[in-house]
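Please find the structures below.
Two complexes follow with chain A in common, the first pairing it with chain B and the second with chain C.
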Partner chain A sequence: MITAGVDVGLMNTKIVILRDKEVAAQRTKQSGGGGRGETVKEIWQDALKDAGIKPKDISKVVATGTGKKDVSFADKTVVEAVAAARAARFLYPESTSVVDAGADMTHVVTLGEGNTIREVVMNQKCMNGLGLVIEVMADRLGLTLDEISALAPAQGKTNPVNDGCPVFAELDALGLLNIGVDRREVAGAVTDAVVVRLSSILNDKIRPQKDTTVFIGGLAKNLAVTERLKERSGIHFLIPENAEYGGALGAAVIATDM
Partner chain B sequence: MNKQRWETRPLEIWGKAKELRAQWQRSINEAAERPGAMLAHGNTGEFDWSIGFDDLTVIEDNPVGAMMASKSDAFSRKCRLASEVRGWGREICGYVQNCWGSQFLGYEMDDGAFPFRDMSIPFPDPCDQHLKRGQQCMDLSPIPRWGADYPMYLGPLDPKREQAFIDHTVYCYLQIIDDIERIFDHKFDDEKMIGSLNILPALREQALRISRLMTHTPAPIGQKELYSFYTLGLLTKVDPKETLDFWTSFADEVQWRVDNHIAAVATERFRWMEAHPSPWNFLKYFRYMEKYGAVCIGSQYSHIISGPIELGEDGQFHHIQRKKPPEGQEIRTREDAFRHIFTEARGYRFKDDEYCRKWTITDFAKGFHVDGAIMPLWRGGVGCTLTRKEQGLRLSEMGVHVLHYEGSQPGDRTDLDERRFLDQLDTWMESLGLEKLEA
Partner chain C sequence: MTGEFRKWPEFSWLSDTDTWKSAEKITAGIDIGTTSSQAAVFADDELFGYASIHTGADFTLAANTVIAKALASSALSVGDIGTIAATGFGRRNVLYATKTQDEISCIAKGARFIYGPAVTTVLDMGGQTTKAILLHEWDRVREFEVSDKCATGMGRHIETAAEILRVPLTEMGDRSLETENDPEPVSTTCFNFAYSEMMSLFREGYKEDMYKENEVIASYLFAVAWRILGTVGKLAPLDIGDIKIKEVLGFTGGLAKNKGITKRIERELNITAIEGKHDPQLAAAIGAALLA
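Let's look at the complex of A and B:
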């Protein structure tokens, strides 16, 4: 059986194609603003080519993510939390929670029996879009995402920035640059602000378990974020190799049930 | 998946409700014409000033501000701006911002002249602004303002302190009456006030009948209906007897609906509660939730007409046995009457529950058999959010699925992201395995 999951995020669209529950292809591309539907179609063609199949070979397609309604060929849409939950249990059957943090939203999902969900906490409005905050700041500071990911743990500890509002955080960061603080130090401070927000979502209601919590989404690939979050929360996250494809993978797994 | 469908139909009492509402509006318009007749913020406590003072009409900022938010976004924006340019910040309660703004502009939503207040008697609430709300109309023109005090102490109950609180409150009210009589030459009708003492308990009885009936599945009415009628029992009553008759007929009709399995939501399969109050500019989320077969059975706030209630061992709601004035104590004077009211009222406001009776929120959830709870987090006017997170935790611990969303204050739409709110509802429902039953 061949199924596909399409995760249309704020920054990137991800596609995973599963053949008999094994990943046959995965593709990502920038979502692109207004023409998101078109981007989805383009990347869909690329993914089919990678897997060496035709659209008719695919039994079901499930879409998720902020732009899930833009996937015109999807048989079904599911909310991000549901896709994240399925991905977590698919990758780590023993998992008890999953954190899905991308450019736009952050979800912390507490898993129940089987494929059920006990609780979902979403980030509140302030400091929404944690991934976006990092991307924008990287751009502003002239650093690549890889350079931010490689920041040393101590960087950014002496000059913190506002951790409640991205606009204030950015202004604080510019202020630090103005007084000559090294841009890597500034990037570290912004990363810390993002981590403070993430841990407040983790602490909202049911606290995730220390060793059985999965971390997926674009931010899970940023080592500076995951290491600092681990230190702050004490959680040893289970991070899959292709963490950014978590949502698309979950959607593809859901498609196998249909 | 539950495929059960019940019959549903609108309430018959709607016509009467509209009539009462129009009558209240007329009383406001008439009072605006009479000098010294308009009293701001004077009836959400245990006592309505217009019951003792025939010449007075009470206008409360909360329902007026809520109505503005609900009916005209453009007008309430204008009002908030008018208020902000005079230095009042976004943290101020949205209801108050709407009313103050309208006062600054000098006109109302329908372009009619703003009914300027002649005096103001706000009462305190767990919000730092409830008592402050009288300030603006006093600053604008030199009208008298009093505070109808409600002292509270959160430590262990001390009978002596309680007695001092009651004495203080009673003397506050007596002082206000003397002042109004002296300044405005209005006459306080002791007989009418004493005579009305049995109306409120009778009204509570009828409202309690409705609360109890709403524990049934399918719920005979939902939050939408409660919100449509609850001000008729609390904030906008004109004639207490008429109000009581209305609530009696309302309760009879709800009983009939239960007997005949008439549902608020035909596809009910998920019951949720709220914490007070909702974003008045965006009530459409109730209908949105109905697409999932979800019915809102109300909140402690919208069941307020029942008075302080608690869940008995029989699984049914009862009135909390309030402290009674000593046996045989006759009520002959206004002081006796106020002493009676405030002895009964001590410590039983549901807004104080998180301090005084933490279990009532979970009892509420249990009694109404709810599956979920939506608990808003408002940024301004803190009184409408106080302890919401603690209550959310308490509910979550008992297995109720809790959803928080953010906004400015129920009367201010500024920070409420409607699209995001609906996305949150989708996430909430789908994560519980519920899909939309209709597009």
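Let's look at the complex of A and C:
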């Protein structure tokens, strides 16, 4: 049985094709804008080519993510939290919670028995787009996301920025640049602000299990974020190798039930 | 994020005369903003050259680059300039400046140079702050208001919005005006809320319908215009005595070039802003040079 999951995010679209519950192909491409539907079709063709199959070979396609309605060929759409929960269960059967943090939204899902969900907590309005905050800052500072990921956990501790509101965080970061603070240190400070927000969703509201919490989404690929978050929250996350494909994988797994 | 959509064109100009050789006084104004940096050079109160660039992460580098661009191929060097006034968010990074000047006086002075003596109200909309200035007679600042902290960084956020929507920044204004009926603005309370609301509109998906994309831009830019109007509203009643705001409003700053914002402000205030003879983004740099 071949199924596919399409996760249309704010910044990137991800596709996973599963053959008998084994990943046959995975693809990602930058998405966004009015042409989002077209981008999805392009990656779809590439992913099919990678897997060496034709569209008719695929039994079901499930879409998720911010732009799930733009997937014209999907048989079903599911919300991000549901896809994240299934991905976590699929990758780590013993997992109890999953954190899905990307460019746009952050979801923390507490898993129930089997494939059920006990609780979903989303980010507060003021910290929408944590991944975007880091992307904008990287663009501004002329650093790549890999360079930010490689920042040592200690960088940015001396000159903090506001961690309550991204608008102020950005303003503070510019203030630091203005007084000649090194741009890597500024990037570290912004990363810390993002970590404080993530940690507040985790520890103030949910208190997930320390050793059975999965972390997926684009931010899970950023070592500067994950290492600092581990340190701050005390949670030893289970991070899959292709964390950014979490949502798409969950959607593909859901498609196998249909 | 590739940065290809948020880019606006950098520009520079240099007089083809060499009047500076006989000039008694050469001055320069450098405006280092959070998003863009400008330099203007004057020879005996005559505009000689200017430049506008992206500020980037290094303010000192921006300060050095912008003056080099303004002087470009001329034989003039920084050392030949008598006084150099620095203004803007990053003014302390203009290491070659002989003095610093506050933004308000610079904008007022620059607006009078660009728009002539008729202008009485100046609305400066930049990457970081919005300033509304009421002028009194020649170059005197009667009153001014600065945007509150929750409306900060509008120019910068529009750049990010361009990236998310994948619409070139320079086209956003025109496209927002192509809608048949202007949609309601997204949240105007806090700038970040406007931003998340725009993302929610975007989240609903708009398939191949280009018209709806323009509506999202319109709704977003309307919210920006609304916040700017809030700053104008804090000024004393606009029609005082014989000073009529009509015909005498001038826009300055980078956002003055975004018609999606200026047209909406004009519509809400029921006025038409006057046309200037120079790029409105240069106002603060020109003012600084004149005050130097």
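We take it that the second predicted complex is superposed on the first by the 257 of 258 C-alpha atoms of A that agree within 3 Å, B and C clash if a C-alpha of one lies under 4 Å from a C-alpha of the other, contacts with A are read in each partner's own complex, and residues count from 1 in each chain.
Keep in mind that, in the parts below, contacts are C-beta pairs under 8 Å (C-beta built on N, C-alpha and C of every residue); 3 or more make two chains touch, one makes a residue touch a chain.
None of the values given here were measured: they were computed from a predicted structure.
When both complexes are overlaid on chain A, chain B and chain C end up sitting side by side without clashing.
Of the two partner chains placed by the overlay, only chain B lies in contact with A:Q124; chain C stays clear of it.
Of the two partner chains placed by the overlay, neither chain B nor chain C lies in contact with A:A24.
Looking at the superposed arrangement, the partner reaching more residues of chain A, out of chain B and chain C, is C. Residue contacts after overlaying the shared chain place A:L48 against neither chain B nor chain C.
Of the two partner chains, chain C is the only one that A:L171 touches; chain B does not reach it. When the shared chain is aligned, no partner comes close enough to touch A:V98: not chain B, not chain C.
Once chain A of one complex is fitted onto chain A of the other, the partner contacts of A:A81 are limited to chain B, with no touch recorded for chain C. With chain A used as the common frame, chain B approaches chain C to a shortest CA-CA distance of 5 Å. Applying the stated touch rule to the two superposed structures, the overlap between the chain B and chain C interfaces on chain A comprises residues 125.
For chain C in complex with chain A, the touching residues are 1-3, 6, 34, 56-60, 89-90, 92-93, 128, 149-150, 152-153, 156-157, 160, 163-167, 190-193, 195-196, 199, 202-210, 213. For chain A in complex with chain C, the touching residues are 10-11, 30, 32-38, 66-70, 72, 104, 125-126, 128-129, 132, 135-136, 138-142, 165-168, 170-171, 174, 177-180, 183, 186. Those residues of chain A that touch chain B in the complex are listed here as 78-82, 85, 107, 109, 116-117, 119-120, 122, 124-125, 205-206. The touching residues of chain B, counted against chain A in their complex, run 377, 392-393, 396, 401-402, 404, 406, 415, 417, 420, 423-424, 426-428, 430-433.
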